[in-house]
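After this come two complexes, each holding subunit A, first together with subunit B and then together with subunit C.
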Partner chain A sequence: MPLDFRRFNGPEDSVSYKIYTKDYLKTYDEQLKDLYDENGKRKDGRELNEARSMCMFFARTDMVSQAKGSAYVELRKTKVVCSVFDPREIPHQNEFRQLGQLYCEVKFAPFSCPRKRRPYVPDVEEKALSVALRQALEPAVCRHFFPNYQIDVLIYILEHDGSCLAAAINAAGLALANAAVPMFDIITSCSVAVIGNKMFIDPTEIEEHIAKNSTEVNHGIITMSVLSQLKQISDFTQIGSMDVECVTKVMEVLLKECEIIVPNIQRILVVDVVKNFELKKHLEAETKKREEILKKKMDEWRSLLNGQ
Partner chain B sequence: MAGLLLSSTEKVFIVHGVQEDFRSDGRSNIDYRPMELETDVVSHASGSARLRLANTDILVGIKTEIDTPKPDKPDMGKIEFFVDCSANATPEFEGRGGENLASSISNTMQRAYHSSQAFDLKQLCIVEGKQCWKLYVDILILECGGNLFDAVSLATKAALFNTRIPLVKALLMDGGNVDLQLSDDPYDFKFLDVGSAPLLVTLCKIGEKCVVDPSAEEESCSVISLIVGITGNSKSYCADKGASNLSDVDIKCSTISMNGPGSLAPKTLKNAIHQGIIAAKVLDDSLGQALLRERRENINSMKSSYGFLK
Partner chain C sequence: MNLEEKIKEIGSICIPGMRLSLSNKDNVSGPGTYELKGYIYAALAGILKTEEDENTKANIISVESSRTPSVLPNTGDIVTAKVTVVNPRTVQCLILCVGPSVLVRMYKGILKKEDIKATEKDRVDPYKCFRPGDIILARVLPMTEIHWYQLSTAENELGVVIATAEGSPQGVSMVPISWSEMQCPKTLVKEPRKVARVIPENINQSLFPVHSKQDNHHTDK
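For the complex of A and B:
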């Protein structure tokens, strides 16, 4: 693990205290039983096929005032902030490129993950997420509108409770729209964890962990991002071990789920535009009032000068 | 990828050829280019392999070290992938130029080998909770001729097949500390069980069709390619006579990812995955046969080593 020598790092052989708790000693079967009860409801009360984007979703734009566009997405406990900045020249580049570039960076806050502290230096997982985010956003953005420039999309994950990449892609889509970057379509994303014959839509961190390390016949996580109007899949990532029928079934489910999120995103963007119009009207009214006051003062002084 | 300059007419030529299932070098859309594979080329590594897939040249070396297992996985060993895009391949890889490509390949390999059904890490355990084997898979890209992911996964599987793990002769437990004694005999080793190790198949979308094993020119004509990692069939890697009576293991996808600035329609994605599975089955079978033949020749001392001389 590369250490950042400019900061104070903890002792190298320290481990999380959680490996000494009772929870840790649970067998795989016990952990699996914990995930859902007899009625088929998961730990947080959802059904197996219920996504958090329907019941526990909050998103807004204009979160970061310094950025051209920004968004905050909260899927119950998973919290993600995204900032998009103006196009700028590509650093360290010699050749002319016809299409604009997207520079994507995903960062976890050190306290965001439940199992261990994240170091400041970007590790393999963060770099992989950055690449996946760029892969998902490239087909959506009209890159021919800013040739030879790059747009920075920066994601900061404040708390990680599963479906981080999906939340990040949703946040990035919102932030790009808020920044008035021309796009071909609204991009939405969702993920599914498969454990045996059960499909957990929009998994939490525990569900993801068990799905990745399970030994069942079919296990793993699939994340997909879709441009729903154009019916195009912009990114499809699978990890684990699944047979083809399972992959195809999950793909159908994810296509539907990604389409369901679109009205939510549209509503947030419309609310954003309406808010901006109201603000503009309010500012114009204020400006008018102040101009009136200024004019009155000017008239007063003019009359004083003339009267002299 | 590697500084290729194709005119638009040449690109149209390639696209039209692919639509007719007839590529510029005469192959069909599901044909691979001829390959040369040799294992045990690096004497200091525990296992090594060199693969030439037309213009693509990959060298894989595997080093084994003893390490402590992770606290949440006490009975499993570790495997780590490192990819080095050598500046020999193309001047673009000078310095940190090849870093993006290298991290992309090593991430895909790490994901493909993550599942226990793809590569069982339990065979690398020595003492549960205390000592395990750690495999460092170092992949060196000597020449870039298109289709890097496939070539890397083939060479890695061959190198893992060739890897010799020394046998543990004695174990001294001294109040929590473990003292290992490995066998001195260089011929006293065990082979790994890599039959189910995954092979990556790249399906490049050119026009409306998907091609397997794209050359560098074909890669520059496409905007999106799909990489599917398919687990292997252990039957093809078993030298026993009774192996043919073993039941066929179901083919599983161990990783799927997309590469490129474009996007895919859902139907194209489904067809591409099926196409990749057919290609992977054939590839896995042939690789198994070739590796078993090489091992037989090695045991009978019939093998003439070429290394880099040919």
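For the complex of A and C:
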């Protein structure tokens, strides 16, 4: 880990205080039992198959004023901001391409992850998420409208409590629609963590961590994104090892979950259109008022000139 | 609910991916929509608009978004550009608007010497047609370079619309006196330009009219 020269680093052989906490010393089985109690409810009160999209979901557009379009998605504790900018020239490009490109960048805020601090330089996980996001968004955007140009989609994760890629894809879809980038369809995404024979829909960070480090036969995380109206799967990302039946079962579950998010996204876009329409009406009324005042002044001056 | 009333007042709101209609002779897809497998779908989040095309009597279905859609100038569009550099062979400019919509980001355009005028293409001097700082109307030619748009002003309706004379105070734009000359109303300096046929709204002329009886409706010749 490269040192951060802007901060005071401790002596070289210092270790994080976290290795002395009780949580760190738990065995894998104890951690797994912690995840859900006897009634089958998870730590935050949800059922195993309940996603945060129903009650703990919040999203809005127009979050960043300097960007052409932006969105903020909150899945209980996971918070993601996305900004989209106008097409710009692709740097270092020499060949003519018929389709435009999407430049996706995912960045974790240094304070976002509970286990460690994120460095300023993009690390491997961020680069992998950026590539996954780009693969998910490319089928949704009408790229033939901006050949030889690229659209920047920048994601900033403010707090990481699981399902980051899914939240990022949802936010990016909203931000692109907010920025009036022509899209084929709205894109929704959801993820599932599999540990043994249990499926945790919309996993939190602890559930994801255990799923990644589990030694069971089926373990891992699958994120899927769907174009709702066209009923096409735009991307499918899997981390971990699972057998075929498990994967097919998870895919069916994910298709249903992505379908459930769609009305939320639709509502946000409609509210956005209504708001912009109101703003336009208000601005037009104001300009009319100002034009009236200006006209009156001009008539006054003209009559003064003519009178002289 | 208040939101429902507002929605009814606006009309039909579309979001990307909504199926709008069949695609056939009577329904044609316009800006903001795309066609797939015989149907027209919306591509933007906005308000649905249908217009009738006079020539073909078909409905042009388009989605109007309150923000400028993130599209680039297409071949054949009329763009408004500001001249930045004038060379003996080319004129470089920044594209500000495409048709009626203002762009958020300015794109680079280039005007070759042969495309400035329709007649006498070789004996034209770009410095006598444009100067840095002029606002021009131009048409986009098919793209050959990757990041620059090829423009052309080889029509009567295209050319300089707003220009300021050298040495004149800022904000005083010149008045055209012929198709190749413009004059500043304050300093009375004449300068050569390739003038566009559209007469610009000259606010100085309506505030200080030459004939006191005429009102400000004499802007068209």
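Note that in this section the second predicted complex is superposed on the first by the 276 of 308 C-alpha atoms of A that agree within 3 Å, B and C clash if a C-alpha of one lies under 4 Å from a C-alpha of the other, contacts with A are read in each partner's own complex, and residues count from 1 in each chain.
Just so it is clear, contacts are C-beta pairs under 8 Å (C-beta built on N, C-alpha and C of every residue); 3 or more make two chains touch, one makes a residue touch a chain.
Note that this is a predicted model, so its numbers are computed, not measured.
Undergrad: Touch check for A:E12: first (subunit B), second (subunit C), both, or neither?
TA: Touch partners of A:E12: none, neither subunit B nor subunit C.
Undergrad: For A:H219, is the partner it touches subunit B (first), subunit C (second), both, or none of the two (neither)?
TA: first
Undergrad: Could you tell me if A:S241 is touching subunit B, subunit C, both of them or neither one (first, second, both, neither)?
TA: first
Undergrad: By the touch definition at the top of the document, which applies to A:D29: first (subunit B), second (subunit C), both, or neither?
TA: A:D29: touches no partner chain.
Undergrad: Name the chain, either subunit B or subunit C, that contacts more residues of subunit A.
TA: C
Undergrad: In the overlaid three-chain picture, which partner chain does A:L227 touch, first (subunit B) or second (subunit C), both, or neither?
TA: Both partners.
Undergrad: Name the contact category of A:R88: first (subunit B only), second (subunit C only), both, or neither.
TA: Touch status of A:R88: second partner only.
Undergrad: So, does A:P139 touch the first partner subunit B, the second partner subunit C, both, or neither?
TA: Only subunit B; A:P139 stays clear of subunit C.
Undergrad: Indicate the residue numbers of subunit A shared between its subunit B interface and its subunit C interface, in ascending order.
TA: 227, 230
Undergrad: So in the complex, the part of subunit B that touches subunit A is made up of which residues?
TA: Within the complex, subunit B contacts subunit A at residues 71-73, 100, 103-104, 107, 110-111, 114-118, 226, 231, 250-266, 269-270, 273-274, 277.
Undergrad: Please output the residues of subunit A touching subunit C within their complex, sorted ascending.
TA: 68-69, 85-90, 93-96, 142, 145-149, 151, 177-186, 227-230, 266, 269-274, 276-280, 298, 301-302, 305-306
Undergrad: Okay, in this complex, where on subunit A does subunit B touch?
TA: 15, 19, 24, 99, 124, 127-128, 131, 135, 138-139, 143, 212-213, 215, 219-220, 222, 227, 230-244, 247-248, 251, 255
Undergrad: Could you pull out which subunit C residues touch subunit A in their complex?
TA: Touching subunit A from subunit C are residues 3, 6-7, 10, 13, 15-19, 32, 34, 36, 41, 43-47, 65-72, 103-105, 143, 146-147, 206-209, 212.
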